[in-house]
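My questions will all concern the structure given below.
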Amino acid sequence: MLKKVVKNAEEAVKDITDGATIMLGGFGLCGIPENSITALVNKGVKNLTCISNNAGVDDFGIGLMLKTRQVKKMIASYVGENAEFERQLLSGELEVELIPQGTLATRCMATGYGIPAIYTPAGVGTEVAEGKETREFDGKTYLMEHAFKSDFAIVKAWKGDTHGNLIFRATSRNFNPLMAMAGKITIVEVEELVQPGELDPDMIHTPGIYVNRIFKGVNYEKRIEQITVTKR
Amino acid sequence: MLDKFGIAKRIAKELQDGYYVNLGIGIPTLVANYVPHDIEVILQSENGLLGIGPFPFEEDVDADLINAGKQTVTTTKGSSFFDSAMSFGMIRSGRVDLTVLGAMEVADNGDIANWKIPGKMVKGMGGAMDLVASAKNIIVAMQHVNKAGESKLLSNCSLPITGLGCVKKVVTELGVFDITPDGFKCIEYATGVSLDYIKEKTLGRLIIADDVKEMSIE
Amino acid sequence: MLKKVVKNAEEAVKDITDGATIMLGGFGLCGIPENSITALVNKGVKNLTCISNNAGVDDFGIGLMLKTRQVKKMIASYVGENAEFERQLLSGELEVELIPQGTLATRCMATGYGIPAIYTPAGVGTEVAEGKETREFDGKTYLMEHAFKSDFAIVKAWKGDTHGNLIFRATSRNFNPLMAMAGKITIVEVEELVQPGELDPDMIHTPGIYVNRIFKGVNYEKRIEQITVTKR
Amino acid sequence: MLDKFGIAKRIAKELQDGYYVNLGIGIPTLVANYVPHDIEVILQSENGLLGIGPFPFEEDVDADLINAGKQTVTTTKGSSFFDSAMSFGMIRSGRVDLTVLGAMEVADNGDIANWKIPGKMVKGMGGAMDLVASAKNIIVAMQHVNKAGESKLLSNCSLPITGLGCVKKVVTELGVFDITPDGFKCIEYATGVSLDYIKEKTLGRLIIADDVKEMSIE
């Protein structure tokens, strides 16, 4: 029988060791694996390389792991909302690789699709292109970008079943299904864990074959970075 | 001289019926408020949404539904959600008709810099490098000068580049400038702004269109 | 206002001219754009290059266009169920390029994602590799494969709205969403055409931005190649 | 000597609990009928389905729901549909644990040919080239000899290759053969089949395992 369900975040991350490379889903604080991040902070695992679009804020998301200095290297596309991150970056305390957001997304997908490299125009002529191979197709220049290698991918889904089939909600989908495909071991936390057959097979965003561990998360805070409203 | 809302209003006049549009963070986001009522424009958010609606009423705020600026939003009828790879897929494959971005510097050949001030400030490029490398039509919305009063319309960008030769048009508080082989071409000036003032505040090559006119934003 | 809805297949294909390159969705006879194929046969357009996983059967699907000799070149992965195709191929009457199914799918996706080329291991050391660039990544050899260029993509969806958002059903999804992303002009026929807002935005398989024309198809035959049943 | 059902039964013994498995057209498809009842195996169909169920009852036949052999099927609980790019994505990225394929020829180094007889017959490679280039574990299910009585277990494939050095095991009506650096290694022989007969019908390098034994398929 498929044995993917684990009890909680602690069990899910128990074999993540110092020096591991981890992908973490989410865009800003939207769709981040809150339970797993807390478990990693509690576990105190160190020298991590984290691949994630952003790095949370000072006191939430990956920001919590930056504060405790568990992250050796951060690979991200945007860090505009995180003062502690920017400080560690500018002071050289934290190794940082900034890469274009579309490149980040596509490199995750390439991993999940077994494609070792793709070409993208993003970053041609910029710092991002340094040391990278360029190539022309139809008169336009592209960079060769490689699939990511990571030990673990940790993502957050809305609903999942015990086979690991996942459904994401609204813009909390973002990088989650891409990273779910890209982990050597893929860990998923869900708001709702259901039995096989309860999710419509036409509406699965991530088929269970990509998922190794799944658990029902608890106490989601789902913090919002910028609450913007229309006044009545 | 325009304020940021004026800049957004002027850019809104570039929208055409049926356009798919990506609006960057800052002034570009404001453009959404001024879409002419007789046309239909669909806004793309690179974090995975086609069909951005207005900000929600307070009771409808949803943490799972934000735009690329991390602001809470709503959706319009006919919207769709997708992952970030598909989102940049539609950008790279040229399906987005217009992209509006902020910038720190624009060069008179269309180069743009907007992601980093070495040693001082790093925001990261986010999706900007993907957008500028692929978009068919890129308009920059920004202030004409920086806080130190120095021109942001230059011969060459002094800051790290985001993309080469990609900007098509710049709208600032002073006027509207097309990027041409001869440099910035002023096609409109803001009410109360003289062409001499524009010349003074523009470091890159600048030419004035024969039919230059006062900007209308209403 | 978005003006994507056309009256019928005739209107949808009216500007497809002799010599055009057309992608056609479907796997076998499952999920093929029946209405559009009929319209192309009636229109009598010639010298087409067709990109499709299969070529229908002798009297259905793309097979109808082979019979009328409208197809100059066929790009496909499998033709095992089509005697007329095999005859034209072996006799040299029809130009045929056979490519691995995963390569076919991925090249469509590459087009839709603005990626000019990708690397895949499929076909290394075979006829498929002839004339293609190879490259090693981590000690394994891959072929460079290019995105497709086509004039039109013609696909069949289950439901679609007037903005062009599409939902596919069961295995009739197959190549349809990939080709929908890949056409210079994308034409879609649907079983059910609804108003914007009627489809759940979380459950859209193809966002409308990729779709240029959409119409409600009629009289779907949905022929089955091999009816296999369990006896009660 | 086995019939095709026997070959399928023997291959079913290679299945392990929790495996994701892709079964090719022909004899491989039959393997699904013999999955041991105490294990759970999920069948992948490269046309976009994880969780293939049995053939439908007549009234449940659905034209939109077929397997890669174009046969009408059903789904199991926990199934999912996806497009062909994702389908081959999971294949190429090594998420499929076992692939069972038919073949026209297999060489003693694991090369396989199964898509074309020049000038005579072209089926196309379908998904086979992708599968053999990526699958971690490939078992070939086929007849030991062709209709002309000639061995299909060869030193070198004479037909156009589908993939190089990829086959791990071959199961025929005569026995079970691992692909080893020393060629085909017979580890089991079918009931009533002599090792001499196997040697006679095998053109590629053949060695007999020290612990070779009679095949059990029940």
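The chains carry the letters A, B, C and D, assigned in the order they are written, with residues numbered from 1 in each.
FYI, a residue touches a chain if its C-beta (ideal position, glycine included) is under 8 Å from a C-beta of that chain, and two chains touch if they have at least 3 such contacts.
These figures come from a predicted structure and were not determined experimentally.
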{"item": "Fewest hops from chain B to chain D - one hop per pair of touching chains", "value": "2"}
{"item": "Most remote chain, CA-based centroid, reference being chain C", "value": "B"}
{"item": "Between the pairs C-D and A-D, the one where more C-beta pairs touch", "value": "C-D"}
{"item": "Between chain D and chain C, distance of the C-alpha-averaged centres to the nearest whole Å", "value": "28"}
{"item": "Distance from the mean Cα position of chain C to that of chain B, given in whole angstrom", "value": "36"}
{"item": "CA centroid of chain A to CA centroid of chain C, Å", "value": "33"}
{"item": "Residues within chain C bordering two or more other chains", "value": "106, 113-115, 120-121, 168-170, 173, 201-202"}
{"item": "Sites on chain B at which at least two other chains make contact", "value": "75, 81-82, 85, 88-89, 91-92, 134"}
{"item": "Pairs of chains, among all present, that meet the touch criterion", "value": "A-B, A-C, A-D, B-C, C-D"}
{"item": "Contact set on chain A toward chain D in their complex", "value": "1-3, 111-115, 161-163, 165, 181, 195-197, 201-202, 204, 207-210"}
{"item": "Complex contacts: residues of chain B adjacent to chain A", "value": "45-49, 54-58, 61-73, 75, 81-85, 87-89, 91-92, 115-116, 119-130, 133-134, 160-164"}
{"item": "Residue ranges of chain B in contact with chain C within the complex", "value": "17-18, 20, 39-40, 42, 44, 50-51, 75-82, 85-86, 88-96, 134"}
{"item": "Complex contacts: residues of chain C adjacent to chain A", "value": "106, 110, 113-121, 135, 137-138, 140, 142, 146, 167-170, 173, 201-203"}
{"item": "Chain C residues touching chain D - in the complex, by the definition given at the top", "value": "27-31, 53, 76-81, 86, 89-90, 96, 98-106, 108-109, 120-128, 158, 168-178, 205, 222-230, 232"}
